[in-house]
Amino acid sequence: MAIAGPITYYGTLPQVPPDWPGGFWGHWGTFVGIILVFVLTLVMGFIWVERRGIARFQARVGPNRVGPFGLLQPVADAIKVLLKEDIIPASGDKVVHWLAPVVAFVPVLLIFAVVPFWDGALLADLNIGILYVVAVSSLTTIGIFMAGWGSNNKYSLLGAMRAIAQVVSYEIPLVLSLVAVVLLAGSLSLNDIVRAQNIPFILLQPLGFFIFFLAACAEINRTPFDLLEAESEIVAGFHTEYSGMKFALFYLVEYAEAVAISAIIATLFLSGWRGPLLPPFLWFLLKVFAVFFLIFWVRSTIPRLRVDQVMAFAWKFLLPLAFLNLLITGVQVIVWQGVLPWPVIFVNLAIMVVLIVGWSSFFRLGGGRVEV
Amino acid sequence: MVLKAEPFVVNLGPVHPSTHGVFRLRATLDGEVVVNIEPVIGYLHRGIEKLAEGRTYTQNIPFTDRLDYLASMSNNLAYCLAVEKLAGITVPERGDYLRVIMAELQRLASHLIAVGAFLNDCGAFMTPILYMLREREKILDHFEMVSGQRLTYAYMRIGGVSQDIPEEFLPALGKFVAGMPGYIDEYDGLIKENEIFLARTKGVGILPKDLAINISASGPVLRASGVKWDIRKADPYSVYDRFEFDIPTGTAGDCYDRYRVRVEEMRQSVRILQQAMAQIPKGKVRTEIPLTFRPPVGEAYGHVEAPKGELGFYLVSDGSIAPYRFHCRAPSLINLTALRDMMIGWKVADAIIIFGSIDICMGEVDR
Amino acid sequence: MTVALSGKEIAARLAKQFPGSIIEATGNTILVKADSLPEVAAFLKNAPDLSFDYLVSLTAVDYWDYFEVVYRLTSIPRNHSLVLKVRCQGRANLHLPSVTGLWRGADFQEREVYDLFGIAFDGHPNMKRIFMWEGFQGHPLRRDYL
Amino acid sequence: MEVTEKSGFYVYSDVELDKNEGIQIEALKTASQNSIPDPDRWLDEETQRNILLTSLDAILNWARRSSLWPVVCFPACCAFELIATAASRFDISRFGMEVIRASPRQADVMITAGTLTWKMAPNVRRIYEQMAEPKWVIAMGACAISGGTFAQSYSVVPGYNRIIPVDVYIPGCPPRPEALLHGIRMLHNKIAKQSIKQEAGK
C-alpha cells in the first residue's frame, strides 16, 4: 500500500515528472485540488449536458437563456440552491439529518483518488485500486439511508429501504464483472489496468462491460433503476425533506457518482487516457462524456423497473451471467494466452449475444401479486 | 426471533406527481405491498351541478367544458344531445358531421395524453408524454381554428355548432389525418415491445369481465376486460351509424390491454375522421334557436362514448329557462369503483400504474 | 340501437311477481315502492330475458315534496334499457335500501347522493360523505340549500 | 419477519380521521375570509442601497430568476396549459424551469393551476408553508385569481390569495401558454428588483 509513503512508481512506469511539486504533501495537495476542480466542473458540465441532451431527445430546446447556450444554467442553479432556506423537519433526527449529505458526499470524492487522469497522474496509485473503489463507493448508501431515516418521512424511508436492498444486491455482479477485467490485466491498480489495455477491454469483455454498466447504473440509481427517488411513486425519495445547501449536496452526489462511474468505466473498459493524436487527458475526458451520454440516453428512453423486478434482475440474470463471464474469461486467459486478439473479440461478442439471448428466454419479469 | 412489523399508512396525494390532479389514495402498506386502499376524492368538487341549476341551458355549455377538461368537445356533445332530446331540436346534417369530427379529434387528443401520462407513471422520464403532447398540439391547432380556444372550446351549441369551419380547416385536417397513422405506429412500435414496459404492465391490475360489468365500468376500461360495448355502436347518436369502424377489445383486462385498447381506438378514430371528411355535406351547421328557450316539462338522458367512457347528462326540465336538475354521469368516477380490487396485493409502484391505466380526469370525478 | 323497454309491460310482469310493488309506469320508466326495491332490482338483474346487468347511473332529484332516486339500467347482452324510480317522502332522516349488493357500480354514486342530497342508503358498506368534508353543514344539491 | 399485529389494517378508515380533517378545513375557512395582501408593497419603497449590496443583489437575483423550479400543484384545467407550456412547442425549460420538483422543499415557485376548493385549501397552504424561502406564487387562471366561473359555488375558495400571498396574477380561463410565459417574465422582473436587505428585515 502506498498511502504510508510517497508514491512509488515501479516496474517500467515512468517516474514522477520532475516539474511536479516535489515530495509527498505537494503531490497530494496538487491532486486534491485537481480532483475537486475536476469533479465540480464536470458535475456542472454533466448537468448542462444532461439537461440539453435530454431536451434534444424530447424534441425540445433545453436551457438556453442563461449565458451562451445556457452554459451558466448550472451556476445559477448552484447559487440559488445554496442560498435557499435550510429546513430541518421538527420531528426528524436532527444529527442524522445533518450528517447524511456529508456521509453521502465524501466517499464519492474519495473514489477519484485512484482514477488516473494521465499516465501515472493520480493521487495514489494503490495496488488494490479496484478493491478500494468498490469498498468506498458503497459507503454512499449509508448516507442515503441516514437521510431517509433522519427525515422522519414515509416516502424518504421507503426510498432509503429500496436503496439499501438495491445497492447490496448489485454490488455482487458489479464486483464479479470487475474480477474478469482484473484477470485480463493481471493487476488491481487502475493505472496498470489502463496500461494493459492495448485493446480496450470493452472488445475483449463485452459481456463484462454490459454487466458492469447495468450494475453501475443501479449503484448510482439511474433509470431504469432509479427506484429510490422514483418521482412518480415516492415523490422525491430519500431527499424529500431536504432543501437548500443539503439538497445541493445530494444533487451533487447524484452527478458526482455519475462522473465517478463514467470515469471508472472509461478506465476499465475504454482504455482510460490512452488514444492517438489528442493529449491523454482529453481522451480521458472524451470517454467519460461518452459513457455519461450512454447513461442519460438510457434515462430518457426506458421506463422504470419495479422494486422486486430490480432485485430479480440482479440475482437471476446479472449474477449467473457474471459467473459465466468469469469462467469463460478464466479459461480464455489460460488457453489463449498467445493468440491474436482479433478472433477472441469475435468469439467473445458471439458468446455475449448467445448468453444474453439464451438466458433472457429463461428469465421473465412480470406478475408479482402477493396474496394479502 | 420474530420482529414486530406492522402495516403503515401512506397518503398518496392529494398533491402527488402521478395522481393526475388532486386525487388521494390512503394506502396501507406492508413494506412495499399494498394491503388496503381507500380512495379519497372531492378535492376538486366545484359544485357544477348546483351552479348549472341557476344558468340557462346555453349558459351551461361552458361548464361542461370544465368537467373533463381533456375532452371538452365530447362533453359539449353529450350535453347538447341531452338538451336536444329534451326540447326536440334537430341538428342539420353538416352540424352532425362537424360534431363527429370534433369528437373524434378530441378522442385522439385525450388518448394521447392518457397513453403519455401512463408511461410517465411507469417511470419513463417525460419523453413519451412530450412526444404525445407534440401531436396533441397539432390537434389543438385545429380546435383553435374553429373555436379560438385551446382547451375549453364551447364550440357545440344546442342545435348544431357555433359556427361553420373556416375554409382552410378541411385541408389542414386532411394533412393531419394522413400523417397520424404513421405517428401512432411509430409510438406504438417504440412502446409495445419494450421489455420493461411489458414486465410492468402485463398481468398487472386485472379487472375481470364480470367485475367490470358489475362496477359499471365503461370506455377503454370495460373494453379491455373483453366486453364489446361502445355507445357509438350500441346506441348510435349523431351520425355514427354511417361510419365503419371496429371496437377494439382486450382479453385479460390488465394494464397492458387498457393501453392496447387506447392505441387501437386512436387508429379507429383516424378511420372515422377519414370517412367523415369524405362524406361531409354542404349546408347549415346549426338550427337557429333563441339563446334563452323553454323546453317542455320532462326529463332526458343523452349519452356519448367519451374518451374516458360513457358520459351521460340527465336533465330534468320544469319548463323554465334553466334545468331543474343537471346530473352528469361521470365515467371517471365510476371507473374508480374497482380500484381496491385491482390494487390490493400489488406493490406501490404497481398501484401507481394501475391508477394511471384507468385514465381519469379529476374535473370529472369531483365535478 | 339500445331498445327502450316499455315500462308498462315490465310493470305488469312485476306486479304479478311482487304484488303491490309498482306505483306507476310511464314510457320507459317504472316507479317502485321503496320497500320492494331490493326484490324488484334483483328480479330485473337475474331474470334471463331481462338481465339488467349494468347500472348506468344512479342519481336523485329534489321535487320539494319528495326525492326521486333514478336508477338507469341497461343490459349489455340484450342491449335494452329501463329506468327505475324510487320516491322518498319528506325532507329529513331519509333512508333507502342500497343496491350495492347487486351492482357494485352504485358504490360511489350512492355516496354521492348521500353527500349531496342527504339520502342514506341502508346496507351500503361505507356510507359517508364523498365530495364534501365531514362536518359540512347541509346537503348542497337540495333545492333549499343556497 | 412476520406480521404480528394487524392493528393498522382496516378496510375503511374510521370517521374520526375524516372528522379531524373536516375541523381543519372549517377552521381554515373561518380564518381566511379576507384576502392576504400581495407581497409587493416594497416595490414602491426606496431602499438604501450601497455598492456591495447592490452587486450582491444583482448576482443573487440573477441566479434566483434563472432557475425557478416549480412545485407540483396542479389541481385542475389550467394544469394542462402548464404542461403544454412545458412541452415542445413552448418549452419552459429555456428559462431553466423544467425541473418540476415533486417535493415542495426544493421548489421556488408555485404555479397554482386550477380551481381551489375549501377541501383542498389546507393542503395547498401546507405545501406553501413547506416550501423553503425565498418562494413565489403565480396565480394562473381566473379560478386562481377570484374563483372565476365557480366563484359563487359553495365549495370553491374565491382566489388563492385567501390562503397564500400571490405575486403574479395571470388572467384567462385557462391562460394561453404565451400568457403564462409572460407571467413568468413578469415574475423575473419582480425578482430582479428584490434586495437582500428586505429579506433580512423580514
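We call the chains A, B, C and D, going by the order they appear; numbering starts again at 1 in every chain.
Note that in this section a residue touches a chain if its C-beta (ideal position, glycine included) is under 8 Å from a C-beta of that chain, and two chains touch if they have at least 3 such contacts.
Owing to the predicted nature of the structure, the values given are computational and were not obtained by experimental measurement.
Peer 1: I want to compare two interfaces, B-D and A-D. Which one has more contacting C-beta pairs?
Peer 2: Most contacts of the two pairs: B-D.
Peer 1: Taking each chain's centre as the mean position of its Cα atoms, how many Å separate subunit B from subunit D?
Peer 2: 28
Peer 1: Cα centroid separation between subunit A and subunit C, in whole Å?
Peer 2: 62
Peer 1: Averaging only over C-alpha atoms, locate the centres of subunit A and subunit D and give their separation in whole Å.
Peer 2: 37
Peer 1: Please work out the Cα centroid separation of subunit C and subunit D, and write it as a whole number of Å.
Peer 2: That gives a centre separation of 43 Å.
Peer 1: Which residues does subunit C have that touch at least 2 chains other than itself?
Peer 2: Residues 129, 131-133, 140, 145.
Peer 1: By the touch rule stated above, which residues of subunit D touch at least two different other chains?
Peer 2: Residues 11-12, 87-88, 102, 119, 154-155 of subunit D each touch two or more of the other chains.
Peer 1: Pull out every residue in subunit A that's touching 2 or more other chains.
Peer 2: In subunit A, 58-60, 231, 235 touch at least two other chains.
Peer 1: What chain pairs are in touch here?
Peer 2: Pairs flagged as touching, ordered by label: A-B, A-D, B-C, B-D, C-D.
Peer 1: List the residues on subunit C that touch subunit D in their complex, please.
Peer 2: Of all residues in subunit C, those touching subunit D are 125-126, 128-129, 131-136, 140, 145.
Peer 1: Which of the residues in subunit D come into contact with subunit A in the complex?
Peer 2: Against subunit A, subunit D makes touches at 59-60, 62-64, 66-67, 87-88, 91, 93-96, 98, 101-103, 105-106, 108, 130, 132-134.
Peer 1: Residues of subunit C touching subunit B in their complex?
Peer 2: 1-2, 53-57, 59, 61-62, 70, 72, 76, 79, 103-109, 112, 116, 129-133, 140-141, 145
Peer 1: Name, in rising order, each residue of subunit D that touches subunit B in their complex.
Peer 2: 1-13, 72-77, 79-81, 83-84, 87-89, 102, 114-115, 117, 119-120, 123-124, 127, 149-150, 152-156, 173-174, 176
Peer 1: Can you list the residues on subunit A that touch subunit D in the complex?
Peer 2: For this pair, the touching residues of subunit A are 51, 55, 58-66, 70, 72-73, 75-81, 83-87, 231, 235-236, 239-244, 247.
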